[in-house]
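You will see two complexes here that share subunit A, one where it goes with subunit B and one where it goes with subunit C.
And then the complex of A and B:
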């Protein structure tokens, strides 16, 4: 129900998360982000294939915010469907993460950071 | 009245969402309106499965969805585990969650933002969480 694909290009890691992230599957997102952050300084997260996220998944993103700042890691999330973005908005998490609509916009953000 | 009974396993959350989605479709919720309501029910069920019933698959969770025909839907989520003491619930602060790298604590915040009413009650060994949501029927 959750599918995570990784791809490294020009020293940048792209994680494509699709399916559904809930209290049962969020552990996979957690492991993937943990691994990504331990190796890469520039990470793109493609959520265009994500249909559902619950607080367990939101909590995973939040739990890495401090590490991103401390270790100066650039992480940009892009491509969220409107219904998924609305879930990030309910608690104001859209303000804590760098989020763009498209991959092109995400690349601009990450390269200019 | 729509009813669903399942065991207290995290893996059952997907089936719970499917049940709620079908019930809401039948009642006349738009897809967009239904998405958040499904999320709120999922959050309560995840809490009950993980915290109140410690993911014990021999314990059950029952969900009842009722359309009162006046633009309000009631969700009763019943379990027999350790009751949640809602009166002791303190809304966590987002900054604190980030600082302490906590992964939990957001679920009830979401439920409170989405639903119009959230109540927890206990009688004997039975716990009931009642959620209510007003909606615009598209039928």
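And then the complex of A and C:
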């Protein structure tokens, strides 16, 4: 259901998450984020391949918000489909996460920070 | 119909009656002949009486001797033996009398001699008939159709001789000999039906031999006695001249002799048969499922014992090491546990003979091995894996003091035993699991009941609006929540919430949400204050990855205004009756428990709108909008809007029904995979 690819480039980690994130597959997402956050300070999350995210999946993103702030980790999410972005938006997560449309914009955000 | 007891009684009475009449008539005949007086009754009258006497005996024993079962073969033979013994004792007594009074006139008096002869005749016939019936039962044990008809032919033929005897003929008559020979041949053929012998154990075989040999001795003795009488005096009624009794005599003798010989030759193989029987019994014991509450160990014990005895092994052990189930058992048979490592070591260094089979190819771990070992005590070993659900849980080791002690047949037997034991263990575990699952189900039932009581039984109606609610959980318990509260006579609070995730953990958080709502609502807070406090309270008790989305409404019927806040919950759908338009209230908001610090208040936005009669608001959870059809399309916001417009003019109950029907129609089924709730509020 879920497919997670990691790629390190210029000391920056890129996580590409595709497929569907539901209650059972959210565990993989949690593991991937946990691992990424313990090593890297700059993380790009590519959600262009993501078709669906359940509340459990949103809960995973949410659970790292405080760690991002505390450890000054930059995490930028980009490329969300409209349906997926809507879900983030309704919950209000768009206000807490850095979200951009494209990878270029995401890189700019990280560079500038 | 007469009862069995009645028939027995009647046959005894008839038997005694016919015998007495026979005695009286024969005595009278003898008396009249010796005194040269013409006797009125013709000869065949007494012959008929004799036949009737035989028939009474047949009737009696037919009902007196029950069907042959493997347990009572020896008992049946015992009865024949006792009947014979009785007859022998009486005839010996009579013989004794004659010996004492040998020279006396008394002993030569034909009347007296014939009287005693009749007594012996009665007893011998009784013995013959009883043996005949027992032999019949034994021959017909495990009968086939052809055997049954062969036997019937024989019985009819025998009855025919009874009729034949009425006409009387000499022993030397060719017809007499012919009839006798025919019966002898059929009797001989029937005598080879000896299946019952196979079911005797060693001890029973010896007993049977003893009884049957005694029967043969009786026969010889009776024959001798009858001959003695026949030669000594003229007899009115000579049993040896009846083809019936002669045939019966010969048949019983024939079957006795053949039985004795067959039993004798069967003696050496008895132990094999007994072993097979024991194997069958052991197999049955293994296949009986273990009653609940008993341990698996019982099955292992039976397995070890039956396997060890089935292959005559000198020692054996069974080691079960099932990590998954936490079962660790070592059972031994004629072996000290401390010797196992030593034998294992010796086995490792010996040459193996793998027993190749399909199992071996599939699973190299669970190979069956037989080996010669260089142990002090044992010379051959058979190592056998024990598996449950294709997973090896232990091994069975059988040891023998001789070389190459295990042949193919033994390995096959062990195979069946081990397989059956595995099945029993598997069934036992499945049963236990089923019981556990049943208990969980019961617990979940209770949880469902508890949770149902958390949602308002009947939602409170208000003069300002009509409201209906509909909710379904995907599992036994769900995470959707709604409630109402009257702040005062004009103002009512309405809340709808959705806990992230579903199932049991969601249900617990939903209960917490209810607690938070019921406590805070009484403080009469505005929507923003409520959200801030709720977020603060829930931040302390929700799991790290859990959050709750909520919409909170305060409806004031005096000012006809609704103020509300949305904490990450699905945007409320509003219907304007005047303009016949719908729209979603997409004000800013953030789910409760997402931001667990003091900044949360920045993300709460309070909105307000006025309402008119006929306006509708729809509160729902994402289970409705995210419900998918077969093509993975979501029901979505647009379809919800369309559906509402379609039903907007109806009563709230009908609107709800209409929307839910549209939803089910879209999805194609009623289980949406998530909890879903729909609240319709129609303003007056």
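For this structure, a couple of remarks:
One rule holds in what follows: the second predicted complex is superposed on the first by the 113 of 113 C-alpha atoms of A that agree within 3 Å, B and C clash if a C-alpha of one lies under 4 Å from a C-alpha of the other, contacts with A are read in each partner's own complex, and residues count from 1 in each chain.
We adopt the following convention: a contact is a pair of C-beta atoms (placed from the backbone, for glycine too) under 8 Å apart; a residue touches a chain by one contact, two chains touch by 3 or more.
For clarity, every value in this text was computed on a predicted model and none was experimentally measured.
Applying the stated clash criterion after superposition on subunit A shows that subunit B and subunit C collide. In the superposition on chain A, A:96 contacts both subunit B and subunit C. By the touch criterion stated above, A:83 is placed in contact with subunit B and with subunit C alike. Looking at the superposed arrangement, the partner reaching more residues of subunit A, out of subunit B and subunit C, is B. After overlaying the two complexes on the shared chain, residue contacts for A:60 are found with subunit B and with subunit C alike.
Contacts of A:24 after superposition on the shared chain: subunit B is touched, whereas subunit C is not.
Only one segment of subunit C in 165-173, 471-479 or 579-587 runs into subunit B in the superposed model, and that segment is 471-479.
Overlap of the subunit B and subunit C interfaces on subunit A: residues 23, 26, 30, 54-56, 58-60, 62-63, 65-66, 83, 90-93, 96.
The touching residues of subunit A, counted against subunit B in their complex, run 1, 20, 22-24, 26, 30, 52, 54-56, 58-60, 62-63, 65-66, 82-83, 86-87, 90-93, 96.
Every residue of subunit A that touches subunit C in the complex is listed here, in rising order: 23, 26, 30, 54-56, 58-60, 62-63, 65-66, 83, 90-93, 95-96. Within the complex, the subunit C residues that touch subunit A are 498, 500-502, 544-547, 549, 567-571, 588-591, 593-597, 603, 622, 634.
Here subunit B touches subunit A in the complex through residues 10-11, 13-14, 17, 31-32, 35-36, 39, 42-43, 46, 49-50, 94, 97-99, 101-107, 109-110, 113-114, going by the rule given at the top.
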